[in-house]
Structure formats: structure tokens, C-alpha cells
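The same chain A turns up in both complexes below, where it pairs with chain B and then with chain C.
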Partner chain A sequence: MGSSFFTPLSWNDSGFILTGVLNTVTISLVAIIIGTLLGLAIGFIRAEVSRFSNMLLGGVLDVLRSVPLIIQLILFSTYIGAIGHPLDPFVSGSIVLSLYTMAFMSEVFRGGFESVQRSMITAGRSLGMSYWQTVAYIRLPIGLRTVFPSWLGVALSVIKDSALVSVIGYMELLRTSEQLISRTQQPLEILIGVGLFYFIISYPLSLYGKYVERKMSI
Partner chain B sequence: MEYEFHWNIVFQKMPQLLNGAFVTLHVSVLSMLIGIAIAVLLAIAKMSDYKLFSLPATLWVEIARNTPALFQIYMAYFGLGAFGIHLSPYVAVLSALVFVNAGYLTETFRGGFMSIPRTQYSASRSLGMNSVQVYRYIILPQMFRRIYHPMTNQFVWSILMSSLGILVGMDELSGETQRLQSLSFRTLEFFMVAAVMYFLITKLVLFSASLVSQKLFKGDL
Partner chain C sequence: MIQIQNVHKSFGDLEVLKGIDLDVEKGEVVSVIGGSGSGKSTLLYCINAIENIQQGRIIVDEIDVHAKETNRDRLRQKLGMVFQQWNSFPHLTVLENAALAPRIVLKLSKKEAIEVAKKELNHVGLGDKFDEYPTRMSGGQQQRLAIARALAMKPDYMLFDEVTSALDPELVGEVLDTLRMLRDDGMTMICVTHEIAFAREVSDKVAFFHQGIIEEIGPPEQVIVSPQKEATQKFLSKVLH
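Now for the complex of A and B:
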């Protein structure tokens, strides 16, 4: 076997893999947090404004959802480089992934806000609540309650999609594993490890999401 | 610094890009068709009372749903090499997409099937229909309506995810764009055109799907 030309996988690589794991977790968390906040704001606006402005806003979000993430990442980092302000892969990756997350989150929250009956808000107003009080005490608590399973679904897909940030050079888990593969030539062991990592994060959370959904439907 | 756009070269390469778009559609349609066929079997297996059938089906579904698509493509392209199976980029991307599609669609089909009350089955049987008739006229038509929309979404997802072919050197739209831009260094222009093409393909698919659904489900509530 020619495999003696390559150094096999050893414990010394664990630090390298751990960096990849941490980077994946970091960029996913950043994108989920920023994407949720932006999505919450935009979802609220979309449930609130007129049909026309809604269409404009919806069009922009639609582009974010209809162009593959990988193309968005390449376009953004190339554009930033071409106008002379190259950014760190982590920063450009976070920006693109957050906006991408936002596009999906805003739909989730919009649905939540629209599920709050108009009459409840009218009732709140007639009881002397201000506009923002109806938001804080009626729309947010009632609107957000039902969207948790869908929110979790989007968040989980962001963790999985964060693997794509590797194309612009961010050393997340899949890219570290790819480099290890090219050195060790042991693709199967490494990839199974990587798959297990994603699975261990994603599977319990998806079960929890299903559990909550079932509990809410009864 | 100001960036100067040069679109000429992109328009000259339009035939190649369109060819790439065709491969994108090709691989996603194929991955859907095979995915649907497998998903039907998996859904039946998953609802089976025998662990021998339900366990592997559950395993397939959960792995497909809980790992990144990129991981599955790497697994097909690099991972299978360990067993001496060397797939071409096209086959690797296709099998990864089939794997994921089958996983997601299994849940869609199962959900659609479970959403139809069992009482309808007994009612139809008591009206004198045989089992095949019940499925043909009562259960499957209703089920199809419920799974139509999720299936369309899955198809769009396949189109978007086939763009990962760029990473294994496939000649679909993204991969072709990557190859063409590396020859001309007009990265921005090429990828912008690719983005527009993806957008148009997606919209076209969604538009035709809604036309078909209007025809199919005419008179529905």
C-alpha cells in the first residue's frame, strides 16, 4: 500500500479538529442570533405594513432564499475583495449566513405575528394599552409561542448550512476534516466522525422540536 | 477602488452556462424521481410493525435530516473511495441528493398518509370498496394534495443544493461558472449571472408547480 507516504490520523490532530468544531459552533451561533433578531424585526414589519411595501421587502428576501448559499458566499467575498475591503472569512461568512438565516426566520416570525387575532389587539387598545404595550404584552408572547418548532427547524438547518462557509476559507469542521483527509488519506474514518458530530447536535434538538410540536398541538 | 464590470466575456460563454443550468435541472429532476421512489418504500417500511424494516428506514431518515448535504456529498465522493467505489462527480452529487431527498420525502409521505383518518378507510370498505379501490379513490388522492406542496419545496431545495457540485468539480451551473471564471478571472460577473439563473430556474419551477396544482386541484376548498 502506498499509504506509508501519508501520516495517519493521530491524537495530535485532536486540537485541529476541536478548532474546527468550535468554529462551526461559533459561526452557527452568530448567524442564529443575528438572523433571529433581524428576522424578528422584519417578520414584525412584514406582518404590519401595507401590501405594497410588503411585496418589495418580500422580493429582497425571496432572492436570499432562491439563490444557493454557496453562490451568495462566493459573490459577497469576491465583491468585498474587488472593491478593496477584503474581510476576514469569519466576518464575511457571518454576514452572509446571518442574512440567509434572516430570510428564513422572518417568514417564521411573520407567520407567528399574523396568527395573533386582530380582535385581541383591538381589545388591548381599548383597555388603554399603547401600541407598544400591545406588542410587548400581546403580540410577542402569543405570536412567539407557536413558532418555536419552526424556529428550531431553521436554526438546525443553519448549523448544517454553516458547513458551506468553508468555500470562502473559514476553517470550520468540514474544511478541517477535508485538510486532514488530504494529509491522512483516511476519508471514511474522518467523515464518519464529522457526520456523527453534526448528528449528535442536530438529532436531540430535532426530537425536542417534535416533542414540543406534539405537545402544543393537543 | 472601483471595480469595472466586463460583461462581454460572460455573454460569449452563455451557451456553456445554459448547458450547466441544464445539468443542474437534470440532476435535480433525477434526484427527485429516484428519491420519491425510495421514499415510498421507506415510508412503508417506517410504518411497519417489524423492527427489521422500520429501524433501517428510521436510521436513513434521521441521518439524511440531521447531517449537512455537503457532508453527504463528501461521503459519496471521498468516503466511498475506502470501499473501492469511485463515483464521478455527477453520480456522487446525484446519490447524495437522492439520499437526502428520500430521507425528507419519507417524512412527508408518512405525515401525509397519517393525516388521513383511518375511519375513512373503514367507511369506504363498508360502502363496498375493496382495499385497492379505497387507496386509489379515497386515500391517495387526498394524500397527494397534502404532499404536493412539500414535494415542490423539496425539488427547489434539490436545485439549490446541487450547487454544491462546485466542490467536487461537477459540470452543473455552479461548477461550470467556477470553471469559466477561472479561465477569464471575471469572477463577480460570472457568479452574478449564475445567481440570476438560479433565481429564474427556481421561480420557473415554482410557477409551473402552481399552474399544475391549479389544474390538478381544481374545485378544492
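Now for the complex of A and C:
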């Protein structure tokens, strides 16, 4: 015993795995929250501004949405390091993943704001509401209800996309599992386990989403 | 009193209102009739400052509607408006629909706002629908909700923009009954309408719009029963037959 270079998976590894789980949850939450807030603001602006400013904004978002996330992560973390500001993998990962999420969320919310009929807003204004009151009390609540299912879809895919942050060295679930695999040479068990963890993280969210959707249906 | 003086309004190159003069006294019911595209709905939107005007003035109780210094949100509190499409807020119950503006615009307490809303909803016959969502109601009920929602702001004037045009025929009656009731309450109203019989029955004055001007105006006995102008006669013979 002890002669082998590889050591099998044991209960002592659970703490290590749990760190990976927590890190995945943390970076996903950060990206979903920041991406949602920025996406809400940008989606609103896109629904409001002229066609021309919209095209400029749309161009930037298209780049974020079309370039594979893994390339964005590597480009950002290498470039930021090369110009002399190396960032913690968690920070660079959060920035890239949040912006990537924002690009998708902004389209979701733009659709939501545009789904509220103009005449509904005119009706609000005719009751003496200010522009921002119609936003807060009419457009936002109606628009958010409409897009909730799409929002949830983006949020769930962010959790899965967060696995890509492993390429820049962030110790999330996938990277922890890769390290365990190289030590234990038990890829099958570990990858199945990790897949199960992603499922355990995502599935309750999707169940909760269905519940909320039912409650909000109008 | 609403004074409309030489109002011109264009959308791009298209001049929709070509010099409108109209006075509406407190307590008066004025109906505006005319073909589609004659500018009648546009006039209501101008009175409510939803649309700008290019020339002329509209004065509501000595407030110049389109003057720069006029607070339009405050002005609109005096002017209740109901549209062809009822525009119920679908995410709010009937009661919340009617209580929203009193609470956030008039800054009433939640309790007061609900009281006001209940009173107006009872008035239009929706007293048993407080907790219903508007999308579950008929068009006629939703239109009455829109009227109650506007009344809850305690407006001095009501503007009605073809409020029965989008309704199924069997639902028109209940909405017209509500308008009759408002007239009996002494509400000052401007009704843009295609319901000629109704206009004849309730109005103090009827204005016939034709190609952006008021072609003929006067009591219904004159404008509707024995119109003087050829355009009026033509229009009425078309809609009455």
C-alpha cells in the first residue's frame, strides 16, 4: 500500500468537492444577479432609445453573445494580466460571466418592456402618472411577468456555463473534479457525481420557476 | 371650462386639425361625431396633452395646456380619459386597478385609496368584482372599470374616445348606461362617438368634424335632426342607414 501514485476517492475528498460546489454556486449567483441588473437597465434603454443608438448598443451585445464564452474568458484573463493587472480567477471569471449573462438578459428584458402596449402606458399617463411611475407600476411588473420563463432559462444556463470558468483556474465544481480525476483515475464515478451536483443545483430552481410561473399567470 | 381656440395639429405633413374652436362649459355634455380620420380623437389627445399642438391654445380652467410651465401630470388629474381599448392593468385586481392612481398620484393612504376605488366601482356596477382580475371580465365590464378608474381620480372633466367602438354589440348598452349616469351626476363630458342615437339623447351640444374642421355645431336637434350643411347630411345618411 502507498506504493501507488494514484489514491482512490475517499470521504476525505468531500470537503474539497463541497468547496467546488460552493464556488460554482457563488460565481453563478454573482453572474445572475449582476447580469440581471445590468440586463434590466440595458434592456430598458434598448426599448426606449432611437434606432441608431440601438444599433450601436446591439452591436456590442452581439459580440458578447456570439463569441464563445471560453474564448472570452481566456482573452480577458490573459489580456488583463498582460497589461499588468492580473486579477484573481474569481474576479475575472465573475466579470466575464456577468457581462455574458447581461448580453442575454438585456434581450430578454427588452422583449418584456416592448411587450407592454403603448396604449397601456398612455392610459397610465392619462391618470396623471409620471413617466417613471408608469415604468415602475405598469411596464416593469407586466414586462417581468411576461419574460420570467425566458429569464429562468438564461439563469439556468449560466449555472452550467460557469463550468467554463475552470479554464482560467477558478476552483469550481468542474475544476475540482478534474483534479480529483487526475489523482484517482476514476473519471466515470466523479463525472457522474459532478453531473448530479449540477442537476441538484439547477433542478430546484427550475421547479421553483414553474411554481412562480403558475402563481403569476394572469 | 375648456376653451379650444384655433387649434392646429399635424402629424408630419398631414394636418389633422385645421383650426378648431370649441368651448365646453362646466356641466355640459358635448358629443363629437364625424368620419374616421376627421380628427375627433386627436382633439381629445390634445386636450389631455398626450399630443402637442402646432398652433392655437387649449385652456382648461385657466390653465394653458400646452404652455411650457404647465405641469402636465397635474393637469391630467383634472381630465379623466377613457379609450376605445380599455387598457386594464392585467397584473392588478379590479380594486387595485382603480386604487393605483389615487394612491401613487394623489398620494392617498392605502385605506383611503381603496375606499375611493370601492365607491367608484360600486357606482359603475362592479361592486361584486373587487378581487377579480380584469382579463377574466367581459369588454363591457373592463370598460366600466376604466371609467371607474378614471373617476377615482376625482376629475373635473371626462373625455371619452369612442369607448363603445371595440365592444361586442350586446355590451354597448351597459357602457352607455354608465355614461348616462355620469351625465345625470352632472359630470362635464366630451364624448367622441359613433353612437348617433346616444349623442342625440345625452348631448347639450353636438360637433360634426369633417376633414379637420368643425363643419357644424349646435344642439342635437339641429345638427343631428335637421343638419344644415351638406357634409353633415351625407355623413348622417351614411351612418343612420
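Definition applied: the second predicted complex is superposed on the first by the 197 of 218 C-alpha atoms of A that agree within 3 Å, B and C clash if a C-alpha of one lies under 4 Å from a C-alpha of the other, contacts with A are read in each partner's own complex, and residues count from 1 in each chain.
Following the convention adopted for this analysis, a contact is a pair of C-beta atoms (placed from the backbone, for glycine too) under 8 Å apart; a residue touches a chain by one contact, two chains touch by 3 or more.
Quick caveat, the model's predicted, so the values are computed rather than measured.
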Chain B and chain C placed together on chain A: clash or fit? fit
Does the superposition put A:S50 against chain B (first), chain C (second), both, or neither? neither
Name the contact category of A:Y137: first (chain B only), second (chain C only), both, or neither.
second
Exercise. State whether A:R145 touches chain B only (first), chain C only (second), both chains, or neither.
Key: second
In the superposed arrangement, does A:T122 touch chain B (first), chain C (second), both or neither? second
In the superposed arrangement the C-alpha centres of chain B and chain C open, at the centre of chain A, an angle in degrees to the nearest 10 of 100
Between chain B and chain C, the one with more contact residues on chain A is chain B
Which of chain B and chain C A:S206 touches, first, second, both or neither:
first
Message: Applying the document's definition of touch, where does A:N12 land relative to chain B and chain C: first, second, both, or neither?
response: neither
Minimum Cα separation between chain B and chain C after superposition, in Å, equals 24
Residue positions on chain A within touch of chain C in the complex are 117, 119-120, 122-130, 133, 137-138, 141-142, 145, 218
The residues of chain A that touch chain B in their complex are 63, 66-72, 74-75, 78-79, 82-84, 156, 160-161, 163-164, 166-167, 174, 178, 181, 186-188, 191-192, 194-195, 198-199, 202-203, 206
Counting only contacts in the complex, chain B reaches chain A at residues 1-3, 62-63, 65-71, 74-75, 78-79, 81-83, 156, 160-161, 163-164, 166-167, 174, 187-188, 191-192, 194-195, 198-199, 202-203
Within their complex, chain C touches chain A through residues 48, 50, 73-74, 76-77, 79-81, 83, 85, 87, 89-91, 100-101, 104-106, 133, 135, 146, 149-150, 153
